[in-house]
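Look at the two complexes coming up: chain A is in both, with chain B in one and chain C in the other.
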Partner chain A sequence: MFKVKIDGIETEAAPETTILEVANRELVEIPTLCFNDNVEPRGACRICTVEVEIWGRKRLVTACNYPIRGDIVIDTKSEKVMKLRRLILEVLLARTPKSERIQELAKKYGVSQPRFTVEKTDDKCIVCGLCVQVCRDIVGVSALSLSERGILRKPETPFDEASSTCIGCGSCVYICPTDAVTMIDKDGKRFFPRWKTEFKLVKCESCDNLFMTDAQIKYLKKVMGKDDPCLHYCPNCLALFKK
Partner chain B sequence: MAKKINSWNDLKALYKELNKDLDPKSQWIAICEGTGCRVYGCLDVSKALEGELNKQNLTKVKIVHTGCHGFCERGTLMVIHPEGIFYSRVKPEDVKEIVEKTVKNHEIIDRLVYVDPKTNSKIPYAKDIPFYKFQKRVLLSRNEEINPTLITDYIAHGGYNSLAKALFEMAPDQVIKEVKDAGLRGRGGGGFLAARKWESSRKAEGDVKYIICNADEGDPGAYMDRSIIEGNPHSVLEGMIIGAYAVGSSNGYIYIRHEYPLAMHHITEAIKQAREYGFLGENVLGSDFSFDLKISRGGGAFVAGESSALIQSIEGKVAEPKAKYVHMAEHGLYSKPTVLNNVETWANVPLIIDMGSKKYSEIGTKTSTGTKIFSLVGKINNTGLVEVPMGISLRQIIFDIGGGIKNNKKFKAVQTGGPSGGVLPEKLLDLPVDFDRLTEAGSMMGSGGMIVMDEDNCMVDVAKYFIAFLQEESCGKCVPCREGLKQMLEILEKICSGKGEMSDLDTLNDLSQLLTDGSLCGLGNSAANPVLSSLQYFRDEYETHIKDKKCPAKVCKALIKYRIIEDKCTGCHLCLKNCPSHAITGQVKKLHTIHDDKCIKCGICYDVCKFDAVIKE
Partner chain C sequence: MTDLTAVDKVLQTHNHDKSMLVAILQDAQEQYRYLPKEVLTQISIKLEVPMSEIYQVVTFYKAFSLKPRGKHICSICMGTACHVRGAPLILETVKKHLDVEPGQNTKNMQFTLNTVNCVGACAVGPVVQVDNTLYGNLTSMKSIQLLKKFEKD
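This part shows the complex of A and B:
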């Protein structure tokens, strides 16, 4: 175990524990955007940057993926950290002015009007890559990837066309930290405007509620290797049956 | 099929046999066939020379088709031995005279001799030419002597003896110690101690360990690594095999960019021949050690030269850097211990084993040992590849080797370290070139790009150029680099177009801090250097753009005007005829006028006027 001091709180951490894990345990708040504990932290948004002192050296590191490997002093609100977070939020606010999540964080850190040209866009995507990660690492279909590079980088289906591998599960919608990915269930169909992809929704055989896409049922049957009640009934009805 | 070499004695015997042919008195002609000279048409020169020698029955005179000699702007280069007569800008039509006069009668052809632009004197021998005289060519010297597609040429000059020495005389730890004592620092940019990486990787647990050569050179205007691979590919292979032995690796990769076709061809051929001779494969030189390597081609993304991105690319993923909290020496390629060094670093390894760490570390400075190859480009008389001992001053490189600034213009700045390096002003010309001093001055060693600028370069425009390059080449993963560079570029464009405000300079400083402190990888961390260094050393130029709406170097189009001076204009019509936007009017033999509303400021009138009647204001 290593000695950890985080914002004055003295505690301990096992080797390879991340700073964010320690902070969550000690109820020290560190803002995150691209972090989700279901997938590997990419350290892309940099908003969780904190200042640490380890082996006699001070440095800035990202809390989400920095593994503790020695006695460490962590300052999550140092002057350098706060300035960096304000600058990150300033550039993000110029990029996605309509994102409520960014607006809310910016307000909290005292960033009002960016000094840059604010994009005239409704897009709320900050290119964190979580949608791509969840689709690949959790769902397992890899319907999305980050295309282009630099300022043009964006999550996309191949060639920005309707995807034939997407199963319409909506994991990308649930994981998106800025509500940039949406899905619309309407008239028996599910539509993802961002992915330009549409699915037929299937009814629960018990309650008649639309509960899953046909592509999802087909995919699940394949990975489960058998038919299963969960592919015929919605989670609510399944729960009732179990009772 | 060549005979496999199964012991050090076999190698020594082969060396003896091949070296015999290298009679110092014999006549042979080296023709540079590097990429630069190929552009000048060296292959036609070679063909003509072969034909002429055959015709004259001079078959004893050997032609050596070599790699790059470095003096690229003078191509095609030809050196006639044993005298070392140096001819430049050789054309196929010169060949007949060369054979007739120089080969047969040892006569020097004045017309082909190099003229020193400083003294206007003719210098017939390569060794006397300042461009070569002031260099220390320990890595590049063999480029001028061997045919890179023949392993026998390399062996004849003592090649692979260092490998044998390491395998049969030294334990792996001793090899690491030797490289450590030599003080070898990575030539790819970071300048980390190579041996430290090797040591951690050797100690790391893993059934498989990898050795990687980074040949994804991507800095604009830099081609050091390309020339080493093109001109002496076996030196890189030998370094890698020695490294593999030291680390305990059996597998390696050379990651080389697809845009280097000749280098790709030469390294592929070199690997094939090294396998045939038993330097690669099972039981190298009959020892217990086995090692082989593969080529992995890069697609041309600048960021793929970043070590963690490069590894992703070899694994078949998008080249995207990863956090360095997990060390590559322990978890690198396919999560196995990995040592990654660049081409020039690997090429230094056989040299260290051959010379011994003590002698090697006598070259250069205490903390930066050995030599460094720079590609010296820009507004300089002698453009080319130069190899110098570390610690030499910028002034010596630029003025002694480089021959000073073109057209007697005034030196303004030198940019070192590639696009994310910094610009250094005249007052720092005596700065010794080593890793630490360059970093202290706000630039860096980088991989060895060196761009010289004169009074006609606008430093804001230069910063804009590099930031635009980096913005395009940023992978776009992390927010500071992706968004910060975009905003930085917008501000620089604003200043260059005369719409800048003084507060923009503070914003540029803030964005620099965002990039330096916040970015995920080295590309973003160093990306602010062009802005920070130009703000530090040339702040007045920024202020003139902002306050006076003027570009002192007269580069930024929005801030300049072209005008025709009445006294000088002869009314020759040349500018009018060449103006692409019909912005010039005037009658023959009468004063012409440029109309600002139509002028697109392309500068063609300025360039074509024979009477200096067009001026920029």
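This part shows the complex of A and C:
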């Protein structure tokens, strides 16, 4: 166990615990955007930056993926941290002024009018890469990647065309911190505007509600190696059957 | 349909080794002058690497092209050193001579014109790179003469 002091609170942490884990436990609030418990933290957005002191030396680190490996003093609200956080929010707000999540955070940290301007401002994507990660590491189909580089970097399907490997599960929609990925269920179809990909929705054999895409059923059958009731009935009906 | 024999051969030389992806892409581009979709699909299938990953690599490096390119790639250095020594004039002259804008191919597909920012030969600027060779101390006249050498082959 290591000695940890976070915003004045004295506590302990096991080796390899992240700063964010300690903060959550001690109810110290650190803002996050690109962090999601289900995938490996990449430290892409830097909004969770905090100031740490190890062996008398201070430095800025990202709380979500910084493993504690010795006694440490953490300041989550130092002047340096606040200055950097405001700068990050200023950049994000300039890029995604339409994102409610970014607006909210910017307001909270007192950022209003960014000094920077960009041409394309409708997009809510902050290029955190969570959609790419969930699709690759959890869903397992790797339909997406971050293409190009620098200011052109963006999540995309290969060639920015309808994906042949996406199964239309919607995990990317669910995980996106800024609602930049959307899906529209309409007329028995599911459409992802960002991925230019469309699927047929299949009805539950009991209640007739549309519950999955045809591609999802096909993929699940393959990974499960057999047919299963959950590929024919929606979760609600399945729960009823069990009773 | 693109003939896939050349890419199959490239894959063979690299023993279908995933970790050689960049080298495989370079060699494939050498064969096809750019990276056609069918070629990338073949690489993806044979190496068992998701297409999304290959697409990420191909779009990351400037050296890879998803669009057909001319027989010779002519890159005019617009870096600071070359710029002050007259690169803009060379660019204008070459643009007129080839009748293309940077990033485009000539009608006969003999040339692709590009601009680059410093190729690391500032001392002999202004510099033009044709295929894998650098040509230094150029003037607009000399650059036309240079291109003429590549017009026939």
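Just so it is clear, the second predicted complex is superposed on the first by the 240 of 243 C-alpha atoms of A that agree within 3 Å, B and C clash if a C-alpha of one lies under 4 Å from a C-alpha of the other, contacts with A are read in each partner's own complex, and residues count from 1 in each chain.
We adopt the following convention: a contact is a pair of C-beta atoms (placed from the backbone, for glycine too) under 8 Å apart; a residue touches a chain by one contact, two chains touch by 3 or more.
Treat the numbers as computed from the prediction; the structure is a model and nothing was measured.
By the touch definition at the top of the document, which applies to A:148: first (chain B), second (chain C), both, or neither?
After superposing on A, A:148 lies in contact with both chain B and chain C.
Quick one: classify A:125 as touching chain B (first), chain C (second), both or neither.
neither
Once the shared chain is lined up, is A:215 touching chain B (first), chain C (second), both, or neither of them?
neither
Answer with first, second, both or neither: which of chain B and chain C does A:201 touch in the superposed model?
neither
Can A:45 be said to touch chain B (first), chain C (second), both, or neither?
first
Looking at A:28, would you say it contacts chain B, chain C, both, or neither? Reply first, second, both or neither.
neither
Answer with first, second, both or neither: which of chain B and chain C does A:111 touch in the superposed model?
Neither partner.
Just checking: does A:156 make contact with chain B only, chain C only, both, or neither of them? Give me first, second, both or neither.
Second partner only, chain C.
Between chain B and chain C, which makes contact with more of the residues in chain A?
Per-residue touch count on chain A favours B.
Please report the chain A residues shared by its interface with chain B and its interface with chain C.
After superposing on chain A, chain A residues 145-146, 148-149 contact both chain B and chain C.
Within the complex, which stretch of chain B touches chain A?
Counting only chain B, the residues touching chain A are 301, 303, 318, 323, 325-326, 471-480, 482-487, 490-491, 503, 507, 510-511, 513-514, 517-520.
Can you name the residues of chain A that touch chain B in the complex?
Against chain B, chain A makes touches at 42-47, 49, 60-62, 65-67, 80, 83-84, 87-88, 91-92, 94-95, 115-117, 126-127, 129, 145-146, 148-153.
Of all residues in chain C, which touch chain A in the complex?
37, 50-56, 59-60, 66
How about chain A: which of its residues touch chain C in the complex?
Contact set of chain A toward chain C: 132, 136, 141-149, 156-159, 164-165.
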